[in-house]
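Next up, some structures in structure tokens.
Next, two complexes with chain A in common: one pairs it with chain B, the other with chain C.
== the complex of A and B ==
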């Protein structure tokens, strides 16, 4: 093939350039430009931008609203980890090792909600959990209890909004984790059966360590994708309210950029988000080795 | 004893099925009830007096065909773009050798998880500068490639014997022909399932389109649905449910037809 290596070089460039150009124009340059904008005071429209140095960053950590939003983000992450990672993981272990039939049916059914838009999910939950006319309110009224108006409480709203994303991604994460469990060698599992080792011990001592890499991948997916997924129900149902109580760093970035027109603040928040992403990416490379050099 | 335990797990798993699916079932059923009936017998799965009134009201309030077309058109551009760029790039990574391959691949794959807020302001500025606000192309342009596709295509290409590609290459057959006549036909199941996943995701997309599509005539289904959900709680739910029911038909049909392929592709996206 070396005789036409010049032609090959041309073809390589031709095949890679569509992806490379789009990523450069709409991904790499925007990241750099966002970093640039984060040092300026701007309103997205005015012809001039005022250089303010690190002011946008210091305000993130001193302004009480920004601090509240950062704290909410931590709360979101913890909740998403439990709902969208631990619970699907537990269920996938049950389906893989503790039942002997219907595995495929569960997989097919669990996956269905992930086909639907989060706007549909947001609409459905605001109906189900409607404190006046929803079915849950209807039920608890029988028990003489009134469903609180959860949109009035930041903490309750965060839980509800996370439940909406859980409805959507549960099946998706379940399928990923179940696949990972499928790569645990069957002969190891059979051996523990012969030795009469209890199943829970087998899972704890053998399966979980062997499945570490895909589990870690889903864990990171849960944080990065979960925070983005939760954006939609926030935007549709609470708009971050009451008083930023259910906002997170991504929604607050959007709010600053496109509602309050504080482009500098928004960019600084975006840069912080990007740093969190970089840390997670680093962790993924460390713990999920091999994912990044697939072509070999 | 073990049997009882296993049945216990099945009960739990069936309960999960119910929790996941009942909202959708109630949504479809309530979309065929009047507002009054949906309130008084909201848990009646088969409506006592089924009516199409919500659908006809919707038809009067919004241009349904236009909404469906806008959504379909946007999702089609995005899907085709991602498939073409992904196949080309995967082919290059798989069969060409060049310097910086490792790095380039690493950068491509790293972009998968970059949070959209990091890039949305500059991208919005670019799209508005080139006058693509309120157009499907404006939504589609920044997403015409997707490293997930490259990753999945590379995995699928593992199934093609490398010697086959090399031997036809030595015979002097140009690589676009190899791609078109050998690789694409072999990868058909992967292309269909990856395309189906791209299409469904794009069909449902909300965040980026809300920034770009401000004019009602350019709206896609998720944006139109959002208009029917009021944050004050005064939502006309049967109406919103009718629109949602229209919206879920397409992804549901795609899943019914390609379910096995789709689940396989999702599975392999998690494997290293």
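== the complex of A and C ==
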């Protein structure tokens, strides 16, 4: 009995260790090191690191540029939630419950862009949407409208960069949500038909609550992944400009760390981002796991 | 029939392989007995489409003619910034390359954070006659590669200057002569004329992740970017030049304000009449434009002379062991041969850094085939080093980019330049 449990424990450790070591080396140690670096002023290469205490953190909230970037980040999140979560959710409900034909075709069509690299997408959009000489500008000029120069306005640039991310992420989120809707028990839906309950009430009172855990998963994914995905078009098209107008917290971290070599500021930003994501992750675990318990 | 022929092929193949193996075995044993081969690595930023093929060609020829040195070229994506990032991780892991291209903007950062062998030391250490540097490079060219203390960090390798490209077809159509574009005032008048007549933009000045072209504009109004290690661009002359640029963009809307790639697209699509950008864009512009395109030297403001900062990179020796340093120096000298430099120029569009190559017949005939390079070549003689602040130089460059962004969005020129200057000087 005891030898058996010992063996079990050994096997557990043996099976877990490859993942654990990879996690430790590539995730946990770097995170701790980042935390350490966030208290220093360093240029990534100099032999000495100057200890500056919490200065890097206070500067995040006092420096107007950092504040602007944080505000942009919130704007990005809100926009991405609409584009990459609400709209795909709405369309997946339409496709699932209101359209009976061509479900698979929609899945495939929407999913295709997520196979492309975002760099390719960003370069394509930068050309297509070029406000002066791109094809869209040419077309709208023909109609007598001038395309605004969106790279010169932070808000417009953010919208455009979100649309590029949307092009990439939409299909994936759509398929996830559609699959979630497919797992709503058919007998309940049939019952609502028998009782002549309108479809929108069926969706609102039955489908949405039953699908809450998948929806919440996609919601968190939209925020966490969206902020990362949007990095690529920022880097390719605007480099955060005009005057940090289209920068977000992740791009700003990169700029500080690998363009300006201000390791301390970058680390402090990374730690703040990490904390924000940690809260989101906690919410996800609570909601998603809470839900599955109840319905199992 | 089929079977027997494939059988023969197999036998022939096997014999060939065997022979090659024997040959190589013989070679390596012979070499090993005589002298050890020194392997060195050369880090560059040239993608296959931007001169990478010439790098490969040069390295291949060098390896062919030098028995005891073997050079391996390594491409670093994302230009000088990407190379610098890789160099940092290399330094951290202790496996540095032996020779690397360093962009001018990184001169001070590189000099104060990395271990390297200066060309002067290399010459004193390995050459019997100590004239290689002074013979090949002019004093002005060498000044491009000096750090804030006046020490030569590397040897200038790729040189570029900003030039003024214009859509000749468009200018002819609206009766504008190219000679009127020799001053910024003339460029502005031309741009206004084009805007009024066609509704298209008159001018685009490059806006990459540096303020190189804008600095050229300020310098050509008699302003100084830096003096005695302190930023001085917010002077009256500097403010006036930037104000002029802002007026064209914000008030007259005759100049376009957009990221670099889009701006060049707009020019080659005929939506902007004049573009002020680096000579390194010449081959791209020539290939993409479907109109008559020509180039002239950088304009200046009335009453001042045209002064441009030089762009490009130097070669720095980062090898640590003497034998590798010696091999790197040998390779470097090979790279500065006239024939090597002309190959390099043809592949990249950069201008050769040595006097010999500039006056060589091969380069001259190349210039005649590509007249757009001529203005850039003539400017090299009066070019100044790219401003590199001694401390926190990369942050200083970012501050100047931020100032440009703000000014082109309509902020007060005077205040913006002044606060940018103060911010830079606080860190010096």
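By definition in this document, the second predicted complex is superposed on the first by the 274 of 296 C-alpha atoms of A that agree within 3 Å, B and C clash if a C-alpha of one lies under 4 Å from a C-alpha of the other, contacts with A are read in each partner's own complex, and residues count from 1 in each chain.
By our rule, a contact is a pair of C-beta atoms (placed from the backbone, for glycine too) under 8 Å apart; a residue touches a chain by one contact, two chains touch by 3 or more.
Computed from a predicted model, the values in this text were never measured in an experiment.
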Chain B and chain C placed together on chain A: clash or fit? clash
Does chain B (first) or chain C (second) touch A:116, or do both, or does neither? first
Just to be sure I read the superposition right, which of the two partners does A:237 touch: chain B = first, chain C = second, or both, or neither? both
So, A:213: does it touch chain B (first), chain C (second), both, or neither?
first
Ask   = Is A:170 in contact with chain B, with chain C, with both, or with neither (first, second, both, neither)?
value = first
When the two structures are overlaid on chain A, which partner does A:8 contact: first (chain B), second (chain C), both, or neither?
first
Query: Taking the superposition as given, does A:94 touch the first partner, chain B, the second, chain C, both, or neither?
result: first
Partner touching more residues of chain A, chain B vs chain C, is chain B
Re chain C stretches 6-14, 150-158, 186-194 or 258-266: the one overlapping chain B is 258-266
Residues on chain A touched by both chain B and chain C 44, 126-127, 130-133, 151, 237-239, 258
In the complex, chain A touches chain B at residues 1, 8-9, 11-12, 14-16, 18-20, 22-23, 25-27, 29-31, 33-34, 37, 44, 91, 94-95, 98-100, 102, 106-113, 115-120, 122-128, 130-133, 135, 138, 151, 167, 170-172, 175-180, 183, 213-214, 217-218, 220-221, 224-225, 227-228, 231-232, 235-239, 249-250, 253-254, 257-258, 263, 266-267, 269-271, 273-274, 277, 280-281, 288-295
Per the touch rule, the chain C residues reaching chain A in their complex are 81, 85, 88, 91-92, 109, 113-114, 201, 209, 256-259, 261-262, 265-266, 269-272, 394-395, 398, 402, 405-406, 408-409
Touching chain A in the complex, chain B uses residues 5-6, 9-10, 12-13, 16-17, 20-21, 23-24, 26-27, 39, 42-43, 84-86, 88-89, 91-94, 96, 98, 101-102, 104-111, 113-126, 141-145, 147, 150-151, 154-155, 166, 169-170, 175, 200, 203-207, 210-211, 221-222, 225-226, 228-229, 231, 233, 235, 237, 240-241, 244, 247-248, 251-252, 254-255, 259, 263, 266-272
Note: in the complex, chain A contacts chain C through residues 43-46, 65, 126-127, 130-134, 149, 151-152, 237-239, 241-244, 255, 258-262
